[in-house]
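First subunit A sits with subunit B, and in the next complex the same chain sits with subunit C.
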Partner chain A sequence: MTDRLRVPRVAGVVLLVALALALPVAVADRRFYAFIVGITFLHVLWTAGMNLLSGFTGLIPLMYAGLAGIGAYVTVNLVMSAGVSFWLAMPLGAVAAAVVGVVLGLPALRLRGFYFTLSSLVIQSALTLLFVYFPRFTQGDTGISQIPAPTVTLPGLGTAALTGVWFEETLAVAAMLAVLVVWRVTRSRWGAYLVAIREDDVLTEALGIDVTRFRVIAFFISSLLAGMGGAFYAHYVAFVSPRSFDVLTSLNIWLMVAFGGRGTIAGPIVGAVILAPIPYLLQDLYLYKDIIYGVLIVLVTVFLPAGVWGSLLPRLRARLGAAAPARVPGKEFV
Partner chain B sequence: MTALLEARGLMKRFGGVWALRDVDLRQEATETLGMIGPNGSGKTTFINAVTGHLALDAGDVLLDGERVSGRPTHRIAQAGMVRTYQAVRVYGRFPVDENLRIASLPHYERVGRRQPLEGVEELLARLGLADKRQAPAGSLTLFEQRRLELAMRLLARPKLLMLDEPVAGLNPGEIREMIAVLKELRRTCALFVIEHTMKVIMELADRVIVLVSGEKIADGAPAAILKDDNVIRQYLGSVRAFRP
Partner chain C sequence: MLSVREVTVRYGPFLALDGVSLEVGRGEIVGLIGPNGAGKSTLLRALAGLVTPAAGSIALRGRPLAGVEAFRRVGLGMALVPEGRGLFPHMSVEENLLMGAYAVRDRARVRENFERVWALFPVLADRRRQLAGTLSGGQQQMLAIGAGLMSNPEICLFDEPSMGLAPIVIGEIAEGLHRLREAGLTVLLAEQNAKLASDVASRIYILQTGRIRYHDIPENLLRNPEVVEGFLSVY
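Up next, the complex of A and B:
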């Protein structure tokens, strides 16, 4: 049925991977652009995790940035205070974020849709306060600066800091892994269950599907990616403060997912690639940059309610003569 | 002999109102049970309680001799007791095929090997939905959606299907067809039917339970229930009731 899409899809993925790996090298001499590329990869990673919950499971976790913060602070403290290697600290930070994410996701077992979003907003505010009021671990509003770059030890070549183009390439790989994980999960039986839960959790449970279990799994994976992104962010930017992980960051990541097309794999990538660089590219237009950002979002919401990719995909399929997708993206703005 | 479904002393109260008051009930695997009663008499609460949608205040529910009360809904569904809802419930934005695929996955997962949609063509032919497989479920007529609902439940291979007003909202012609569908379905699994439409109960049920204010006031063959003075006075009503 979708055989006719196979070749264009594989070609597209190969092209995208090649582009992602080539881009940091292409702009390696201009650090400013290289940094924007790195930040964009980080947001691709974050949107993949956000999409698993907001796009596929139908729950908007506005504490997402807070979870990224937990991943970041745990990792940074392990590295800077305990001297643990980043490559051990980062997974630990991600797991810490995932565990906290599962616990904080428990209200979702009772609250649906908008009500869950509200409760997650409160949780995000509490996490932000937590970051401010535990300066022992976060240095409060001052923030932690001079976070060292991760080091890599290669046999025979000695130890070197992961900097410059190598860091961007690492972020590219991390982002691709995140997208791959979300793709695998959503194309599996679990993915079918998550979408079923999004559409009608009562019916799904009545069909004999363990709704609670799959919600928890979705929260775990999503929060794991949030924390992983947070750890990379901290060591890439070399500075974190509670502001880095406040509710605006959550909203921004969610916006990128909705902008690109929630509930699709490529949509959030499109959203991150278009929206993440804007604040940096438009720095000279600082008076208008928020207006431009806002207008762009309003235009897409009004004219492409399923997101840029979410709206183009059906047309693309029609042009290629493939059948309609089995899963229709949502009408409501999830 | 163990009954397929056995309810012992079911109790459920909402504030000061008894929704279920010491309800006992047995259903054999070979029979179709009907349940009738006025609005608010606790019929839907009964289904909610035995299928785990609602926690009981007291009482036990046994399915095939095994205690299932206290288990979560999905476990009870997996054990073989599956329900439908008074208001039709399908994944409206998904095609019929996707609805069926999701419904068949849990069973497929348990038994392995089988293809998720094995036997689905025959099932759809039986239910008259064979040419609707690509249509979004929400675009189907109510009658078609009700049949899709049945197809989805059957893919879970239930022992007992609890139907909450299966003909609600259907026109007389459709009701006749639905009765035929349900009659045929009795060969696949046991049915428990809540209905206000007496025609459905009279044609399908081997035995009828009458619930009034959460209490079971009668339990017997449909013909006997129709003549039961207590049932007539409390539920069915009769011209005789107005005579001195």
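Up next, the complex of A and C:
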């Protein structure tokens, strides 16, 4: 790391954190926009987890939404049927997602590249079917509605539901924590091993690194974040159905990572911030919504193949006179 | 040190290795030469555990390696430097070497190994922060060898270190190999470049279509007209 980039980087992070915390307050009395901000924070959380696998480890987990679903259903059932506090149920849901993810994914983790993606697609399909055919826990295609907001008990102030701007602020903090976790992991020695696996898993194995073990670790953390996002999603939107967690959701999250810049920390944030609001903001243009979405993606694929941030970052560094970074991914879009 | 008995490897219906046996003694450099597609890389990959033989046995210091995963074999003292400059182009020279040191838990030992590699290939020391992908072909090969040495191997498997390199650079690689032998390292060197192999190796196996055809010291092989005609014509 060069010193020249230190100040802009720290300033950028401080600015971003301030902006993330101020935004929900700024739009607090316009619930529609506040909701979009909340949904965007959720996607920042999800893309951080997706990025750890698809960006840094080189595995595209198409069962990501299914794991988010496990986190959501476990949490919702614990809260609504067993009366467990959301703050206890949510981590349990996230751990459940991670454990299920590792158990289901273990055979697939021995595969690489395209074959892993294919088997993850099968796992996603199986999870979706599971959600549909176990209505006892999921209410099937009808979905679970009126999911209560989490409650917060403050000493001396009593108990209140976490709603409105407070929920959006909570999501902002959760998203920042997720990004922080991924940043910490990828900047450690482990992160270097993950990148090595992405770049050349055979060579990594030949050098004596236990490739499967590091894939499992990355997969566990990623699934944990997927499940955590699912739990927050359920209680924020107050409604979940198997469609909330189908393969399209997985693809969408993956797309945000690739669009922003896989294998970078800021890239997926950029991707989520640009793409997550589009379906909501363009609701009046429902005829053209998908076309605009598609054109945007094609444009980025063609002109910025490493993603918006992934393509601009090297230019930014060059302008600031900093050395080329190590560990940047290749120029391919996926 | 390394003992290979009747190893057979199949890729589907294709027989890549057909009952190959060879021995590598401690401190020896053994050459494995043969044309493209003879099975040299397959043999090294089988030794490293990257492909599973259909038959035969491989033993390292008398310990059978069947069922031992590739990454664990590094911990047992065997390092493979794969063909085509096995390195991570987007990582720095130093980071590449660090990847090779994964199996070494002791930090002082890792520092020592760094020093060893710098001493062996001083040009790498000057470029330790440079991205591996920006090194010249010869330097990349030195780095790949260096990364293999970082795990404190007792035996190194080198797969065509001369590939695509200019003769003068091959000379530098040969010099590196000589120094490794002086340091007591055991090497199995797969090469298409028979000159490099006979220059550094004490014994040579010649592999053709998955079988060992000849096995002798380089001097004898060079006197055998059939061998010179068939395999050493670049000489």
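In this section, the second predicted complex is superposed on the first by the 329 of 334 C-alpha atoms of A that agree within 3 Å, B and C clash if a C-alpha of one lies under 4 Å from a C-alpha of the other, contacts with A are read in each partner's own complex, and residues count from 1 in each chain.
FYI, contacts are C-beta pairs under 8 Å (C-beta built on N, C-alpha and C of every residue); 3 or more make two chains touch, one makes a residue touch a chain.
Remember, predicted model here, so these are calculated numbers, not experimental data.
*Asks:* Following the superposition defined at the top, how do subunit B and subunit C come out on subunit A, clash or fit?
*Replies:* clash
*Asks:* Touch check for A:Pro277: first (subunit B), second (subunit C), both, or neither?
*Replies:* The answer is neither, since A:Pro277 touches no partner chain.
*Asks:* Quick one: classify A:Pro107 as touching subunit B (first), subunit C (second), both or neither.
*Replies:* neither
*Asks:* Now for A:Gly140: first (subunit B), second (subunit C), both, or neither, which partner does it touch?
*Replies:* Neither partner.
*Asks:* Would you check which partner chain A:Ala206 touches, where first means subunit B only, second means subunit C only, and both and neither mean what they say?
*Replies:* both
*Asks:* Give one of first, second, both or neither to describe whether A:Ala196 is in contact with subunit B, with subunit C, with both, or with none.
*Replies:* Once the two structures are laid over each other on A, A:Ala196 reaches both partners.
*Asks:* Once the complexes are superposed, what residues of subunit A are shared between the subunit B interface and the subunit C interface?
*Replies:* Touching subunit B in the first complex and subunit C in the second, residues 189, 192-193, 196, 199-200, 202-211, 324, 326-328, 330 of subunit A appear in both lists.
*Asks:* Where on subunit C does subunit A make contact in their complex?
*Replies:* So the residues of subunit C in touch with subunit A come to 48, 50, 69-75, 79-80, 82, 86-92, 95, 98-100, 102-103, 131, 147-148, 151.
*Asks:* Can you tell me which positions in subunit A touch subunit B when the two form their complex?
*Replies:* 189, 192-193, 196, 199-200, 202-212, 324, 326-328, 330-331
*Asks:* Can you name the residues of subunit B that touch subunit A in the complex?
*Replies:* 51, 53, 72-74, 77-78, 82-83, 85, 89-95, 97-98, 101-103, 105-107, 109, 134, 136, 152-153, 156
*Asks:* Please give the residue numbers of subunit A that touch subunit C in the complex, ascending.
*Replies:* The contact residues of subunit A facing subunit C are 189, 192-193, 195-196, 199-200, 202-211, 324, 326-330.
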